[in-house]
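In the two complexes below, chain A is the common chain; its partner is chain B in one and chain C in the other.
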Partner chain A sequence: MATNIPSRLTFAGAIRPGNTIEARWIVGHPMETGFRIDDAGQRILRNVITQVRVLLNGKLILELEPGTGMSANPYLTFPVTVPLTGGSVRVEWLDDAGQRGSVQQLLLLEP
Partner chain B sequence: MRPNPRGIGIRLGLLAALLCGAAPAAPWPDNTKLSGNAFLPPGLLKLQGDVNNSPITLWLDKGRALWTDSSTGPSCQNCHGPAESLKKSAASFPRLAAKGQSLIDLEDQIVTCSARTGRLNARAEDDEVLALSAVLHEAARGQPIDVQAPPGQAAPWQAHLSHGAQLFTTRRGRINLACVHCHEQNVGRQMRADVVSPGNPTGFPIYRMSWQRLGTLERRLRACYSGVQAVLPAVGAPDLRDLELYLKVRANGMPLDGPSIRR
Partner chain C sequence: MLARRACLALAAAPFLAPLVAQAEVINVSAAELVAMHLKADGITLDFPSLADTGASVPLGADIVAPAGQKIESIEVFLPANPNTRALKLKLAEPLAHFVFTTRLRLAGSQDVWVVATLSDGSRIGARAPTVVTSSACFDAS
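Take a look at the complex of A and B:
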């Protein structure tokens, strides 16, 4: 299912082979807990991100299952060790409503 | 009843002690032309300045894309050019509507424009409207607030301003406080875990941590009504626009510094 939920992935630190940098991912997801009711008294269905997968050059390096305890617009930082030839980091997510999204950033080696 | 001479003596003594002793420092800052940023904890201030990590960036990205999006009709860019060309305009809201005597703020104007460009049923607190408001306020950063009476329509404008000033000083709610009691008379003092700011509306729209999203000045004002346990005015109520006009006129000349993060 296509989605227009925005997300960003950025890196902090020098992108050099073997260097460990910090990757930061933020996604504009409402993270609806399912505990709230709307103005009409109806329960708002739970819709949180249930699965996040981080891939470095196609290889899984991190997998997590956020729950209702995480607030809206989740923000995640994790370390990435830059491979010798650079490459790319890709973050994929899936939520209760069946929406999925992904964002990819190239690890462009610094000269 | 005869005045009690001993009581008068005690009072005179107290007065003398007050005059002779060092005057206690005012608990609030002398300068009340302070932005809400001056009251923000360092961590949130840092987050706000960090373009890559601030949640506001999500709205700014969306707004920048919307500004040039012409899929449903003419884009904002088609009529207005780049967002920077509207920075003076963004600092001059609320204004009297083109027709009639009512006040509109920037988000109302965006809603009106959205209808014109084919995005019907937009509301002030919609993500898209907030995103465009954030982009315009970002473009207007540093621009001094300049809210003036429109030429030829000074009388209705002044009536709105007077009503706003009256609302600012009228006690309301079960807590029975007026805006002036906190935001003029107790600026800089601790209120529970927070420090009271002078309430200058320079940083809107705001990402308030408890809202977990961006919100307008109107939403913040309604939260104040809720805080003093008063009857909430309806969304878009004229009272809120009048109060907004008074706050903006009160902060005339202060630079805009939104969108910003608040607790």
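Take a look at the complex of A and C:
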């Protein structure tokens, strides 16, 4: 199920071949824990992102299993080693409601 | 017919048991973490000692594996939360050095634990305390 949940991926550091830079990912997800109750006394269903995959040039480099202990609008920074020819980083996620999303960012090599 | 079925179940039991035992335990208590006697060498945690709200508390971790070892996976535990494992990171390509930051949701004042599993299966881990002045996790009570 596609969504319009916003997600952003940026890089910090010099994008040069072999350099390890910091990738910063954030997604605008409520991360409902399932412990809250609404005004009508009904339990709000749990809906957290349960799976995240980080791909560098299509190859899996990092897998995440977030839980209810992650804050709303989950944020993560992680290291990425820039390939010799550059490429792209892609982050894909899946939540309890079956919603999916992804964000991709090019690793444009600095001269 | 029932007897045959029972016999089959008994015969299969030894093979099924290991599958059950391998099921991953996600809720790890503070006592269990302490009992692991994890070494904190190489782990630096950046965690505020005081947080106004538990809704979003930033955590930074810098993990350097011991010489000759690599980091296979990293887990973040919040023992006082209803679900104690807040995050698991699995490195598809194990690294000797891994730095990450994230934001956690804390049910109350507690120690955050960062536990890394190394390539030889051993674990290293460190904890950092924080005091939360209001909770982010609400239950029916």
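What we mean here is this: the second predicted complex is superposed on the first by the 111 of 111 C-alpha atoms of A that agree within 3 Å, B and C clash if a C-alpha of one lies under 4 Å from a C-alpha of the other, contacts with A are read in each partner's own complex, and residues count from 1 in each chain.
To be clear about the criterion, contacts are C-beta pairs under 8 Å (C-beta built on N, C-alpha and C of every residue); 3 or more make two chains touch, one makes a residue touch a chain.
Everything numeric here is computed off the predicted structure, so don't read it as measured data.
Room for both chain B and chain C is found when the two structures are superposed via chain A, with no clash between them. When the two complexes are overlaid on their common chain A, residue A:Leu108 makes contact with neither chain B nor chain C. In the superposed model, the angle subtended at the C-alpha centre of chain A by the C-alpha centres of chain B and chain C comes to 100 degrees, rounded to the nearest 10. In the superposition on chain A, contact of A:Gly28 is made with chain B only, not with chain C. Look at A:Leu64: by the touch rule set out above, it reaches chain C but stays clear of chain B. Between chain B and chain C, C contacts the larger number of chain A residues.
By the touch criterion defined above, A:Leu45 lies against neither chain B nor chain C after alignment on the C-alpha atoms of chain A.
Once chain A of one complex is fitted onto chain A of the other, the partner contacts of A:Ala72 extend to both chain B and chain C. Of the two partner chains, chain C is the only one touched by A:Arg36; chain B is not. Think of it this way: put the two complexes on top of each other by chain A, and the tightest Cα contact between chain B and chain C is 5 Å. Comparing which residues of chain A touch chain B with which touch chain C, the overlap comprises 31, 71-73, 75.
Residues of chain B touching chain A in their complex: 52-53, 55, 57-59, 61-62, 212-213. Residues of chain A that touch chain B in their complex: 6-8, 10, 12, 24, 26-28, 31, 71-73, 75.
Taken in their complex, chain C has these residues touching chain A: 26, 55-57, 76, 78, 81-93, 95, 97-106, 136-140. For chain A in complex with chain C, the touching residues are 22, 31, 33, 35-37, 43, 59-79.
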